């Protein structure tokens, strides 16, 4: 979930409420806040706390709320986890601390120290492009032996890795493996994956839910049709700017065009302006037919 | 400067005081706290604040104190800068926010938004291996036009870049260009650089000061001799472990062997244990002659 | 196809003949020689020529023979293409020249200069890990407008890219898109891909053909079962050594264990020895049940 | 040395002769042909052979001629080495085979197999940006124990590595360590290095010889002045195009502007055209004063 912002240190409260209802109305099975698309690392701790509270109150048990606590500082990650528990979130999500890269043994020891401090169960988040360090398969296997770790979101984009992780599930049949990039949602579910954490679902939740369901029931023709539409969303909205931030900028800008919430982005980034916004406006309007699912 | 720690959330206060006196006694021209070697990103904000206060009080104007404020969250970076100003630090030091990589225009706009919020002058910190984003030369040139930016520490290890930056100094003769890797301290000063921010100076400050001075006055034979000793320190202390954290682990372990302070490291890292500590102990004792400067 | 070698400059002729019959007997739809797994770049030109001739004579039209001509030198690539045509090969396969990385416009101009010199149709080969340069989607789109380019083998391992390329096929419905990594063969064919170029098919061709066919007809259960077996082959045979060459070493060693051909590898690599060979022997014997397809 | 070309498969013979006289007249201490700047990997073997013969005949013992034999195929590298010996070259130069990256033990074994086949002594060439594999310091140390290896050209741009290699020279005092990037020629010689292999010396050999000599005799003021001029050449000529080939394009274009030889480049590259050539023309004329050394 994106984080609707009024300015760098204040939520767009009305937008946040609209967005949550939009998502739940679209049938999503859970919310993940303060992740990459949620600009987690760009937000001050006071605001993060405020967000967790508002989301939990608004959702009010209608769907699980997962809270990103990834942080370079151990004590701040624990602080966010406690806030999540106090507000009634369902679980926390953790990627490797992302300043100096850890070796895998350091990473396992880090998680091992963290687990007893967490008041909520944990999902791991594999995001090597941004954390520099992948959770290698040996580390994933180790994590499956930790009862308080419930699963993993894999944003590596590497379906060989994802498939290898799936093959380890007999060791921990209750684990959940979700895929990050929505461009791989269909194929990953066909492989046996359990779902996706799709940024585009902020905009068109029904499309992503339908794609998930088609893949889940093995309807190949429908899966291919819907995955192609998701690719179209990605092609039109995520590649307008030049820098890696273009994806979040595109989603927030489109959310604003759809009347969901403000497109303000916290530094070090900023919203799309002038010609880029215009391209998103056009795309949103032209995508109307593409994203419509019966 | 390393950060002496009692545990993940408490300073080793006595060690900190000893370390500061050791550094000042060795003749260093300033202290940089909460940088990479200072484990800045691994420390909670309360502890960072505590550290700034104690360092400033202990130094008491005997040398400038520079405070790292690099943060993925704008508001937290500003918070640290305000703390630094309140405690009487001299300047703050900033590397690019290090989660999602910025394009150069985004980076310049970020710094541009930040400057008016900072109560202290700013040094930039180029550390692409850890922040993913280099300050490219065009951005450095732009920064030279900002009166509140006083210089840069370049930890890229790329002396071509460093030399190109030096050639731009006529546009801003009062700027300071310092080098990060101590293995390049001598050559960079011979090129015209203004000094170094050397992790090994925590241990043997006199050696690094002598190397700087020899290079500054163009004494090539002395520079080569001292730089060779610095390489020997690096070879013996910084390559004992396998992961990038090995440098900080080596410095903290050696500081502990020298009786300066505790070697505790905050997660996601940990101090050297058993055989690694033994190798550092041996190295420290064998380096005694090498690091002695008359 | 691997290249059976007697020594660095001579083919294992008997092994080559056995291998070709093994492959054709297993039902493969074509042979690709002098690719990465075929050690193309490690072989002298005389030997490459010899190989092309022998393969074409042995196959004798029973399946198409595709010949890798990737070379840093334009004139040598053309020379290999002419040899391929003279010996009766079906097509040539080209990855970007792999010493100094080209920009995409340079790459397109290079292919544009090459096409009129080629006496055979061309398949492109996207292999960024080894050529440093990917064929970006704009270049693929350009290539679809060249009538003498018939398709692409994509070894990027990136199914997002592969899927995007598939979406461009309406512009050139006769194009063929094949996937490199056999760990992705099933999913890529489910997505609409046209097949794979699987190194493991040297050993167990029937398994890969069956996987292709299951995916082609949309038999999801069978596809998942067979893909899992292919992953098991990959896990047991391709990860025994430490360096990237481990995959080819594993295939050649297993081919030798199966009595197909010699395991000699041309420099800069060498065959598995002692304990590594033993691990492959054990794996081959334990895989017997896994690779058996009814 | 660049390779003057009439077209992709023919030398610009008159230009080649002019260029050689220009270089020798400028005082260079040796010629290195068929390296990166010499487009070695882009040239057919017949043409490479022709080049070696013509250069050796024209130089006629006035300076050592070193011949690049780097090749992905062992037998072709040996073939080039034999051609070099027959034509009377002084030594051969070898970087790691650059298709599939070798592990260091594989690399050492490769060189170990190659040495007995070489009729001339060998220099190693560390060029990780283009070969993917660095010669790590352990491998360099091993190479110092091989009597037929005489030294190394280091194009890594990493002066820490270079300095560490220099510190190992006591094990082999007759070894030669040269630096690749001309932007580091002065500093590397001040550190104790033995010289440089500077592409810009094709254009202004006297400047690079003077810089080398100033650094060699420890004349810091002169070294800094001349190194600054070399940076100016680099800034004006090597950054006109967008792709990595821009350096060679710039040198060849400038050589053509100076009337030395043709600027034809073999595929996959091509010479600068229109506006880029104009920028080089302007730069060459404006550099006239900069490159003049008394």
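Couple of notes before you dig in:
Per-chain residue numbering starts at 1, and chain names A, B, C and D are given in the order in which the chains are listed.
What we mean here is this: a contact is a pair of C-beta atoms (placed from the backbone, for glycine too) under 8 Å apart; a residue touches a chain by one contact, two chains touch by 3 or more.
What you see is a predicted model, and the numbers here were worked out from it, not measured in a lab.
Shared contacts of subunit C and subunit D, meaning chains that touch the two of them, come down to nothing at all. Across A-C and A-B, the chain pair carrying more C-beta contacts is A-B. Separation between the centroids of subunit B and subunit C, computed from CA atoms only, is 49 Å. Centre-to-centre, using mean CA coordinates, subunit A is 35 Å away from subunit B. Residue numbers of subunit C whose C-beta contacts span two or more other chains: none are found.
Chain contacts in this assembly form a single closed ring in which each chain touches exactly two others. Those residues of subunit A that touch subunit C in the shared complex are 157-160, 163-164, 167, 181, 183-184, 187, 190-192, 218, 220, 224, 227-228, 231, 235.
Residues 8-9, 36, 41-47, 72-76, 79, 96-103, 106-107, 109-110, 113-114, 130, 132, 242-245, 248, 266-270 of subunit A are the ones that touch subunit B when the two sit in their complex.
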